[in-house]
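These are the structures in question, set out in turn.
What follows is a pair of complexes built around chain A, which joins chain B in one and chain C in the other.
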Partner chain A sequence: MNQPAPLPLVASLLDAPLPPSGIAWLDTARQENRAAFAAAGLPDTKVEAWKYTALRGLGQRSFANGDADAQTRAVDASALALPGVAGVRLVFVNGAFRADLSTLDALPDGLSLQPLSLALQGDAEPLRFALSRHYRDAGDAFAQVNAAIASDGVVLRVAAHARIEQPVQLVFAGAEAELAWHARNVIELGEGAELSLVEHYASRGDAAQLATLVSDIELRDGAQLHHVVLQDAAIGTNLIRRSSLHLHARAQATLHVLELGGALVRHDLRAELIGDDAQLHTRGVFMPHGRQHIDTQLAIRHQALNTTSTSHWRGVANDRARGVFRGAIVVAPGADGSDANLSNKNLLLSPSAEIDTKPELEIYADEVQAAHGATVGQLDERSLFYLRSRGIPLAEARALLTAAFCRAVLDDLPNAALREHLSGLLVAQLPT
Partner chain B sequence: MLKIENLHARVAGREILKGLSLEVNAGEVHAIMGPNGAGKSTLGNVLSGRDGYEVTAGTVAYNGVDLLTLAPEARAAAGVFLAFQYPVEIPGVNNTYFLRAALNAQRKVRGEKELDSMQFLKLVREKLKVMQISDELLHRAVNEGFSGGEKKRNEIFQMAVLEPQLAILDETDSGLDIDALKQVAQGVNTLRSPERAFLMITHYQRLLDYVVPDFVHVLADGRIVESGDKSLALKLEAHGYAGIGAGHAAAPHRAGAQA
Partner chain C sequence: MNSMINDSSSATALRDNADVAEALGRTYSAGFITEIEMTGLPPGLDEGTIRALSAVKHEPEWMTEWRLEAYRHWLTMPKPDWAKLNIDPIDYQAISYYAAPKKQPKSLDEVDPALLETYEKLGVPLHERAALAGVAVDAVFDSVSVGTTFRKQLADAGVLFCSMSEAIREYPEIVQKYLGSVVPTGDNFFAALNSAVFSDGSFVFIPKGVRCPMELSTYFRINAQNTGQFERTLIVAEEGAHVSYLEGCTAPKRDENQLHAAVVELVALEKAQIKYSTVQNWYPGDENGVGGIYNFVTKRGDCRGDDSKICWTQVETGSAITWKYPSVVLRGDRSVGEFYSVALTHHFQQADTGTKMIHLGKHTKSKIVSKGISAGRSSNSYRGLVKMEKGAEGARNYTQCDSLLIGKKCGAHTFPYMEVKNPTAIVEHEATTSKISDDQMFYCRARGIPEEDAVSMIVDGFCKQVFRELPMEFAVEAKKLLEVSLEGAVG
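Let's look at the complex of A and B:
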């Protein structure tokens, strides 16, 4: 059978050399993932997980791989500062670790944090499980690419029972060059450990980029993670992320996500509650405007007794933008007594904007409490009139109601300074 | 202050107001009474500028300005206030923040200096005391989870802070128990002043026991069919709306209060 010529994007990604590691199992995994990508190519919209996110446009582009000048790109470190976040910081520019912008001296006891490029020079064995994975599902294209060619990223470990007081900030900055970059992150919290993590996408400039990120997050028994994601990438950034969370017994993860920037943005968040009494709480807002496309795919599997998940997501689309949300929850056989709650409410601020939302719930266990719902609508006319009747001008009334709609999901973010900042960013993105 | 002449208005293609005329002067309290469907709430909504109400004929002059051409927020800035029959719950918008945004937006239009949060808080404290409202309401989202009585009291409290010239109370008494009714009435009485006029739209005479009106008008089938002093309300209470208007429909011009 004649194979059609690969799309320019696929060709350019296959063109990238596999990073030399000197580690046999890693080289094998990279080769196999690349071979899988070469065979499967990009998913089309017939693949369920990509139904609402067409890759036709992106597929026609090609990107140089990596940035030889990553170490010397000018990045304003002060622009990376976030209120309520001080201390340890790891910065990547166009996918490469930048020691000069990072703050890694004086790591608190119990925290180990280093770039993957460095970690692989030491004992790579602890990373073997995560990095030797083969991605085989239809729709795994970008995970395959990442597994094949990502050569840097974050390796973060918190020792058992260590509580890291100051939030740790991970910055992924894209800078001023048309290219593709990749990052592979491996995060593990030991038994009873506690960590606040802020993941920040902060590219500037309007160069078109493709970035892929794959993160594995392992929470051992009783570990607690407070994770904030601020995605404020520049308008030319195509950002494809996959996060996989494993929650062991009594582990708790709380996630607050703000998706503001980017061109084509996709986030696959896959969480498995594999230990009894594990809890996952996700909150998120996506606000595409202009011609942005922001797609969030949430897949939560309850696999143990009395596990809890709550997911509250809000979408606001303006102009000709498109938002996509899929929230799939599975309560597996044996996960009796689980509690799953998912809601996704969306606002369309323009007649040309579109949001596709799809909650899915599959329950195979007993004594499960589950609720899910999704809505797409416009601002409530009665509320608008109420505000205007008190003297608040129409544009301000709209902004007030839209901001309130989005802020609802940030309410339970404990870091007040960061919450205020994120809330301000939301408001700044609203049409005036 | 307010001069309504021969006002005709439609909602969803149906004519509700059919030639309503009314004149209200500063310092006066007018009660508009009438059976369900007479057009009472339509009058309040038309005056405050709600969408979906189409004025097909007639004029409304407010301090010499054509009120009907103004956006709702401009009417508010000019001093018109509508206390809603069904106040809207607005989750996520803090009551204090909302009220300060409203007051400052109005002040800005009027060319007055905006209040900073300290000045605003001081004003709010004074008004809370006068209105006998717990400051706990301030910390909540606008009307969210408020009881019926709390919502109505919040309307009166907003009125106290915004200090309108013309306050329209749309069935503010409906759904209130007697204690809440007394509190609302006391709030209104506190705000009565020679510069301020009230238009109280009500179905029942009950509220008028506590807020004594200068004039009572009967609204039936889209126009004012009878006007009088507070004794008219008592007559309605005794005899009901039946019969009212039958002999008066041809004489809408009696409706205006004396200038």
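Let's look at the complex of A and C:
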């Protein structure tokens, strides 16, 4: 049978040379992941995980791989500063580590943080488990690409029982050129360690880019992570991320996600609660407008006793934009005492916008409390009436209520200065 | 060890086993086989089979062509594998596509006594009792309809109620107009197969402005071995017509799986209302998951006219595997779709069921209430779609899915899809999963209610919202069915 010619995107990604590493296991893993991608290509919408995100348009484009000029691209460092976040910062421009923009000189005790490119030059063995993974499922295309050609990213470790007071900021900036870049992050919090992490996607300019990121986050027994993700990439950025989170016994993770920018944005967040009494709390808001397409795929797996997860996500779609959300909760056999709760509320602001949401429950244990809810609709008429009856004009009342609707996901973010800033970004994104 | 003790304990064990066996035998009371002379087509499927089937039924040429077209399309379709079903491959060549009792009765009085007895045993009133029950029944035995009651009374009201085969011969213009208009021949794998080989089913036509004077009902019975039942039901309610239709089904206990792939099409024109209730009690297989019916059904209603309403109510306790999604296409403005479902699975049963509500018209409304109960090692999924298309101005949906788990080895799943393209539409979905709480059990037990009764009371309360929607006789039957199906689930 004649094989059809691969899509331009697939061809251009396969064209990229595998980064030389000099590490046999890593080279093997890269080759195998590339071979898997070459065989499978891009998923179509018949693959369940990509049902609402068609890659037809993106598939027709091709991107040069990586940026030879990454070290000299002009990036305004002051624009990367976030209120309430100061201190350690690691910056990547078009996927490459930029020492000049990063602040790594005064690392607190217990924190080890370096770019992957550097970490691989030293003892790579601790990274072997994460980096030798094979992605084989249907729909894993971009993870395969990332595993094959990503050569930089973040390697972050917090020693057991270390508490890092200042938030650590990771910045992934895209700049100017039309190209594809990739980043691979490995993050581990030792037993009882505590960390607050701010991840910021901040591309500028209208150049079309494709970025893939894969992150592995491991929380050992009793570790605590506060993680904030701010994604306000430029309108030309196609951003495809996958985060895998492992929570061991008594570990706790709190995640706040703002998805504001980008062209086609996809985030696969897979959390596994593998230790007893682990807790995960996710909060997020996605606000596509214009012709944006923002797709969040949240999958939470309860695998141990007395694990808890709560997820509150809000979506607001305007203009011709499309918001997609999947929130899947699995309670594995034997995960008794699991408590899982998920809600996804959405507002549609325009007749050409679309929201597709799919909360899922898959329960295989019986000592379980699980509930989910999802809504798509408009602002509450009674609330509007209340405000109007107090003399607030309709447009303003709408704006107030919509802002409150989005801001609700930030309520329990402890960093007040950051919360105010993020909340301001949300409001700025709303139609006036 | 004393051999006396050994003997007596093994005797006790034996008696216990006998008790258990008896209890199990009781659980599926419809599992008997009727000994009756049958005629039919040999197993196998090709164009010849379809021509032969069409010829046996004296069908017109257009019908044969319609079937062949569906068959050719079916050959090109891949077998679906998206549902989380644990299923051995089906050999479509090993199935006989037509089986019928040898003696074809001209009227109800000529029906073979063995057949009448069968329906009597199942509690379906075909004869004198029918008058008391006041429900018109079409009884389908394997591939053919063996009798339809109350035909005269219905005809007086202008209602056409007969078997599908008869309708194709007697009312070809109506059949041709509506058949396949809701579920096209190539809709899905099993609908295509059904379109090619469907044998019989019910046909209901309620003319303009008529309220059907009694409940209509079809009783499906699979009896013959190695057959599949492929019934096709078409219900058309013209402007302002009302009808309530009940469907029941059973099959004998056998060790091999049998296939049931039905298609049901409902058409509601302006201001018409159709209420379709099902109590599905096909043989579920034994406690080890051996045998049972594969129930792969396409049911869809089309609210074609403004202000029309279609309501699906189903109680699913039978079948080894159930795979069905009774749906409503809400085309007419202000049309209403409802779906009420109780699905109970036990032992190794697998149920994947739910609904689709496709909102096209303005101010359309839909309501979904689904109750899943899983026991034993069974798996029970709700899978649903609510779609608000661009034109669905002011449309409204409310969905509630609750699952109840009884035991540690079963699974309960919820997969709702919501697609909204209209900013004035409102979609709401809520789902919960839990087990019968210790508090509830303690409360009942403290009042002297035995454990099994307590469970059945709690389950009954859990399902009440759905049972309320069933016609009364059906609600009573459904309640009993749940009790029987849950036997042995606790303790």
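The criterion applied here is as follows: the second predicted complex is superposed on the first by the 432 of 432 C-alpha atoms of A that agree within 3 Å, B and C clash if a C-alpha of one lies under 4 Å from a C-alpha of the other, contacts with A are read in each partner's own complex, and residues count from 1 in each chain.
In the analysis below, a residue touches a chain if its C-beta (ideal position, glycine included) is under 8 Å from a C-beta of that chain, and two chains touch if they have at least 3 such contacts.
Just so you know, these numbers come straight off a predicted model, no measurement behind them.
**Q** Sharing chain A, do chain B and chain C clash or fit in the superposition?
**A** With chain A aligned, chain B clears chain C, so fit.
**Q** Report for A:377: first if it touches chain B alone, second if chain C alone, otherwise both or neither.
**A** After superposing on A, A:377 lies in contact with chain C but is clear of chain B.
**Q** Examine A:367 and indicate which partner it touches, taking first as chain B and second as chain C; both and neither are also allowed.
**A** The second partner, chain C, only.
**Q** With both complexes superposed on chain A, which partner does A:385 reach: first (chain B), second (chain C), both or neither?
**A** Once the two structures are laid over each other on A, A:385 reaches chain B alone.
**Q** After lining up the shared chain so the two structures overlap, which partner does A:394 touch, if you call chain B first and chain C second: first, second, both or neither?
**A** first
**Q** With the two structures laid over each other on chain A, which partner does A:357 touch: chain B (first), chain C (second), both, or neither?
**A** Touch status of A:357: second partner only.
**Q** Classify the contacts of A:408 with the two partner chains as first (chain B alone), second (chain C alone), both, or neither.
**A** Touch partner of A:408: chain B, not chain C.
**Q** Any idea whether chain B or chain C touches more of chain A?
**A** The partner making contact with more of chain A's residues is C.
**Q** Looking at the overlay, what does A:427 touch: chain B (first), chain C (second), both, or neither?
**A** After superposition on chain A, A:427 lies in contact with neither partner.
**Q** Could you grab the smallest C-alpha gap between chain B and chain C in the overlay, to the nearest Å?
**A** 14
**Q** Give me the intersection of chain A's contacts with chain B and its contacts with chain C, in residue numbers.
**A** Common interface on chain A, chain B vs chain C: nothing in common.
**Q** Using the touch definition from the top, list the residues of chain B that touch chain A in their complex.
**A** 48-51, 71-73, 75-77, 81-82, 84, 87-88, 90-93, 98-99, 101-103, 105-106, 109, 141-142, 158, 162
**Q** For the complex, give me every residue of chain C touching chain A.
**A** 82, 388, 390, 403, 405-435
**Q** Given the complex with chain B, which residues does chain A contribute to the contact?
**A** Result: residues 380-383, 385-394, 396-397, 400-401, 403-405, 407-408 of chain A touch chain B.
**Q** Please output the residues of chain A touching chain C within their complex, sorted ascending.
**A** Residues in contact with chain C: 48, 52, 333, 346, 348-351, 353-378.
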